[in-house]
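Some structures to go through are shown next.
One chain, chain A, appears in both complexes that follow, with chain B as partner in the first and chain C in the second.
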Partner chain A sequence: MIQLFRMAFRDLGRNRRRTFFSILALAMGLALLILMASFINGEMSSAMDTTIKLQSGHLQLRQQNYDETKASLKWENLIEDPAQVTRQIATLEPVIAASARLFASGIVASRDQSTGVQIVGIEPDSITNNPYREGLVSGEFLTAGDRDGILIGRPLSEKMGLQVGDQINLTANTSNGDVSDQLFTIRGIYSTETRVFDSAIVFLPLEKAQAMTGTENHASTIFVLLKDKDQTDAVVNALQTSRYKILTWTKMNEVIIQTENLSNAYMSLFYLIVLGVTATVIINTLIMAVFERTREIGIFSAIGMRSRRIMAMFLAESSLLAIGGILLGLVLGALAVAYLERNGFYIGNMAVGGGGFLIRDTVYAKFSLEGTINVTIMAFIVTMLAGLYPAALAARMEPVEALRAEK
Partner chain B sequence: MKFYFRLAWRNLWRHKRRTIIVAVAMALGLGLMMFYDGLIAGFDQAIYGNAIKVLGGNIQIHAEGYNTELGQNPLLPLPDDQAVVLAALSEPLVESATRRIITGGLLTSPEGAFGVNIIGIEPEKELGVNLAAQHIATGRYLSQDDGDMIFIGQGLAEAMDVGVGDRITMVGRSTHDQMRQRTMTVAGMYDLGMPEYEKGTVYVSLGEAQSLFDLAGQSTEVAVVLKQLGTEPKVISALEPLLPGYEIDTWRNNYPELLAAITTKNGVMNIFGVIILLIAGIGILNLLLMAVYERTREIGLLGAMGLKPRQISILFILEGTLMGLVGVAAGIAFGLFINGLIRLVGLDFSAMTSATEYMALISGRIYPTWGLEKLLGRALTVAIIAALAALIPASEAARREPAEALHHV
Partner chain C sequence: MEVTKVENVTRVYKIGKVETNALRGVSLSIQSGEFTALVGPSGSGKTTLLQLIGCLDQPTSGQVYINSQEVSKLSRNQRADVRRGTIGFIFQFFALIPTLSAYENIEMPLLLNGHSASERRARITELLAAVNLSDRANHRPDQLSGGEQQRVAIARALATKPSLILADEPTANLDTENGKQIMDTMTRLNQETGITFVFATHDPRVIHYARRVVTLQDGRVVDNSLHDMGGSDPDL
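Up next is the complex of A and B:
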């Protein structure tokens, strides 16, 4: 066995340049695939993290008949006395924080422009709002008692030419199906670097939002953050309530998981084509090696080497090529991934997201161990399969004819 | 030169198997790119058709400054909309030109509230070209003197739980910075098979919109429907001198994110395509290195007969390029095969329709085109990479000393 590999190694060394280029072809293919796997991984895990942080949380409690596509403000669709529910949830051990939120639809108008927004009433002091507080680019965060302050996103402020201290007119729907409008002063401008979120969401203090929409002491949802997202099920069990509907982050973000599965399915096609191309390079290299050594193969079989062993010799060669290509490919792939992990790829102008999931304006690759292992194994298998045909060709040669071959 | 071609072509087929394997590699790369081009073009067409339907025409004419206004759909009236309509109708390629008012607003009912685009239309004039008018699910379409009547999408009606004859509150903003609130009665519902889009668009009569938004006798857009797709550039260039100071756009300008998304994806795909072809190019490189070695004596002979080193290297570069072109031919066949196959079934993207505003315009399956849009450029890329791959072997062949090469056994 060892002898076999030693011979294969020497044979590969007989035409170093060709061997190097074959290895390079395999390495380039593998590196490309690793990069793509890591990119999708980065995009999707960042989408999940961003969506949990900004929009879904780990858990949300809602009234049984609340329909989130409608943003209804009817009292029977809302959670009554949210402060008490929030206090109860906060006593559970895995919970970092729970906070009431109220959703309403509205229009922001200033001078000659107007645009539709989603209004979110928040409890300003809760740490669930840290992503927005830390994302402040100018002005101040809201305070609980503020009666005419509003927090808007940077894209919205740029689109409408607004600054901190400017006044805007906000219209919102109310619990009885009517609308109310009022002037607000912009207290602060935030950016979460997620364009679809920032341009559509404006924040009010919860009490003000309740007063404006006629939903005193009610909330649309209780937003819950956990210490560890794996504890979700434990908390769901501990809550055991029939009054409220409990939504987990997996349930709320199903569309992200579906999208990830879909991209992975499309990628498999891509993998096959890239590896198919590298396989042809390997096949050709080995076919050439077989024909160069026709006489040699004749001698081997003339002195009694079995065709299975001749075949094994060429398979050993292709496995060495595979290993070399994989090692170089891992290095190239790791370098490319490291570059995109640091520098990212700007997609903010594409305005992806909105249908329930959020992608940040810049996507960073995230090294995907699982993806890398998968494509590495696939590359090895494809290379070995590519080696089968030349090896069979060598094994099938008639000793006498092979010996007579010219040269 | 013809002589070199013949020689290179014959050399190419001396080892059929090797050449075919390399051609397969090139074909896989090119076929993948054709598949991708076909898919993007298929998206483009699907969105194109629907975008024209929902934008109310192939071409939109707005007042100067409309697109640079910061907000979406500003209430910026056209200085002389009748003149614009007349100018557009004077073009023989134009089917219809109608005045519209488009603005953002909010619809509320006790069930909830929805942000929508409110479109004021001239109902009778649009009857022949407005797809919503032609796809009435229940109730009736609008008429010119309809006050306080609204025509909404089936998707919205379901979400708001309203039926024909029910009342909903519509809120919009007039030009004078006041919120306008009006109770509207649902006249009818349309169904275009695009639920996401339907949720976001409602129609009222132009007269109603004019009074609601303080635009008496005015409009903010003229929507032009053409008799034939693809004649947009011709009509635009004919209209531009007639309507100086107006902004004349096609649907593409109305979806800047779509354009950005396609450009970015194309850029990424070009890079991937070139990398895949480079890998296939390595196959050509290896093969020709082998050929140079095999034909050492031949090369010596050619040199002895007086062929200059440069001419010998041309021979090998030609051989490499031809190999690439054989790959192109096989790749076209492969690409047509894949695209033809997918055209039969289509790809289901309906799950993604809520992802972006423009994806809402996709009504279900995407059928790729044949993928021939960028074929010339793609084929050229293959040929260039193949020629580059032949450079090293070619220079090696050219460097051989005739006498030594002849002695080679």
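Up next is the complex of A and C:
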């Protein structure tokens, strides 16, 4: 066995340039796949984290008949006395924080411009709002007693040419089907680096939002954050309420999970394409080696080497190519992933948030150990399979024909 | 004792629709310890006959025996097994593996035969000395002259102590001096070891080394005679 690999190593060294480029082809393919796996991993886990943090939380409680798509403000669709409900939930050990939120549709107007927005009434002091508070790019955050302050996102401020201190007119639906409008002063401008969210959401203090929409002491949802999302089911069991509908982060973010599954399926296809191209390079290299060494194959056969051993000689070469390509590919892949983990990949306006999930403007790779192991094993198997045909070609040669070949 | 025997052997090559009769009913028996030349012009069937005796090829009809075993119907791997244990080859084009040193080239058949490392070392040292190449053990073929390469090939052919060594035009690619050395070496080893040598040649300077000359023409044996003239020719 040692002799087999020693010979394979020397044979690969006969045409170092060709061997190097074959190894490089495999390495580039593998590095690309590792990078893609880590990129998708980063994108999907970031999308889930961002969506949980900004939009869904780990749990939400809603009135049984609340229809999220209509952002209903009818009292019978809302949670009454939300403060009492949040206090009860907050007593549970796995809960970090729970806070009431009210959703309403509205229109922001300034000078001759207007745009549709979603108004979110929040309890400004709750730590569930930290992502918005930490994302302040100018001005200050809302306070609970603020009667005319509003928080808007940076893309909206840029689109409408607004700054902190400017006044805007906000029109909102009310619980009785009317509309109300009021002038608000921009207290702060925030950025969560999630364009689709920041351009559509404006924040008001909960009490002000309730007053404006005629929903006194009511909320659309109770937004709950947990210490560990794996405790979700335990909290759901502990709540044991039939009065409210409990939505978990998995239920609310099904589309992310489906998208991840779809991405994984596409990645499998992508693996096959990249590794298929790489396999073609390996096959080509080994076939050339077989034809160049036809006479040597005849000599080995003449001194009594069996077909299986001739085959093993060429498979040893493909395994060395695989090992070389994989080692180099792991290094190149790790460097590329490390770069994108640190610097990210700016997708800017390409960031979408359809179907209720949010992708940040910059996607950061997240090293995927599982993905890396999978593609490494696949690369090795594909290279060995690629070596099978040339090896079989060599093994099937008739010694008398092989000996007759030109050197 | 009979080392090899061919009985009424034919070999027809088919290239496209054209059939070429390389051998047309050849029968021959070679005894242990012989030093036999197959001679004849190009295309007479010398190499084809060597390949059939060497189990590298199979006859179209007829039988080939090696040490009384019928080998003409054996599978590819079975023929490889016969070659590995019984037959050594020396080719016109030296036929060494370019990536292996002289030592490693000689070692290859011993490895295939499953000899231990110490057995291999002892045997290779002995063989390198026998062909006067002890100081060239670690040289690769491209670092050896044509004559030295052919001596390595002889040592490799002898490695497993075969009962038969087949040499196809062993001096064809060598100058006169190296050709003489090769023939002297083969003759000496035949006399010292008793191993049977059969070599194909159309070089008249080499033929007289043989104690028996089998002449082929158009795929048939036309002469099969004993010569009483072993040893070297000073005029070679």
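For this structure, a couple of remarks:
Operating definition for what follows: the second predicted complex is superposed on the first by the 405 of 407 C-alpha atoms of A that agree within 3 Å, B and C clash if a C-alpha of one lies under 4 Å from a C-alpha of the other, contacts with A are read in each partner's own complex, and residues count from 1 in each chain.
Here is the rule we use: a contact is a pair of C-beta atoms (placed from the backbone, for glycine too) under 8 Å apart; a residue touches a chain by one contact, two chains touch by 3 or more.
From a predicted model like this one, the values you see are computed outputs, not experimental measurements.
Superposition model on chain A: chain B and chain C are shown accommodated side by side without a clash.
Shared-chain residue A:Ala71: touches chain B; no touch with chain C.
Of the two partner chains, chain B is the only one touched by A:Val274; chain C is not. Of the two partner chains, chain C is the only one touched by A:Asp11; chain B is not.
In the superposed model, A:Met160 lies in contact with chain B only, and not with chain C. Touched residues of chain A were counted for both chain B and chain C, and B has more of them.
In the superposition on chain A, no contact is made by A:Pro390 with either chain B or chain C. Residue contacts after overlaying the shared chain place A:Gln3 against chain C, while chain B stays out of touching range. Once chain A of one complex is fitted onto chain A of the other, the partner contacts of A:Arg306 are limited to chain C, with no touch recorded for chain B. The superposition places the C-alpha centres of chain B and chain C at an angle of 90 degrees about the C-alpha centre of chain A, rounded in steps of 10. Of all Cα pairs linking chain B with chain C in the superposition, the shortest spans 11 Å. Overlap of the chain B and chain C contact sets on chain A: residues 407.
The part of chain B that touches chain A in the complex is made up of residues 17-18, 21-22, 24-25, 28-29, 31-32, 69-72, 74-75, 103-106, 108-116, 159-160, 169, 171, 173, 175, 177, 179, 181, 257, 260-261, 264, 272, 275-276, 278-280, 282-283, 285-287, 289-290, 351-357, 359, 409. Looking at the complex, you find that chain C touches chain A at residues 51, 54, 56-57, 76-77, 80-81, 83-85, 88-89, 91, 93, 95-100, 108-109, 111-113, 156. Every residue of chain A that touches chain C in the complex is listed here, in rising order: 3, 7, 10-11, 13-14, 295-296, 299-309, 398-400, 403, 407.
Of all residues in chain A, those touching chain B in their complex are 17-18, 21-22, 24-25, 28-29, 32, 67, 69-74, 104-107, 109, 111-117, 158-161, 169, 171-174, 176-179, 181, 255, 258-259, 262, 270, 273-274, 276-278, 280-281, 283-285, 287-288, 347, 349-356, 407.
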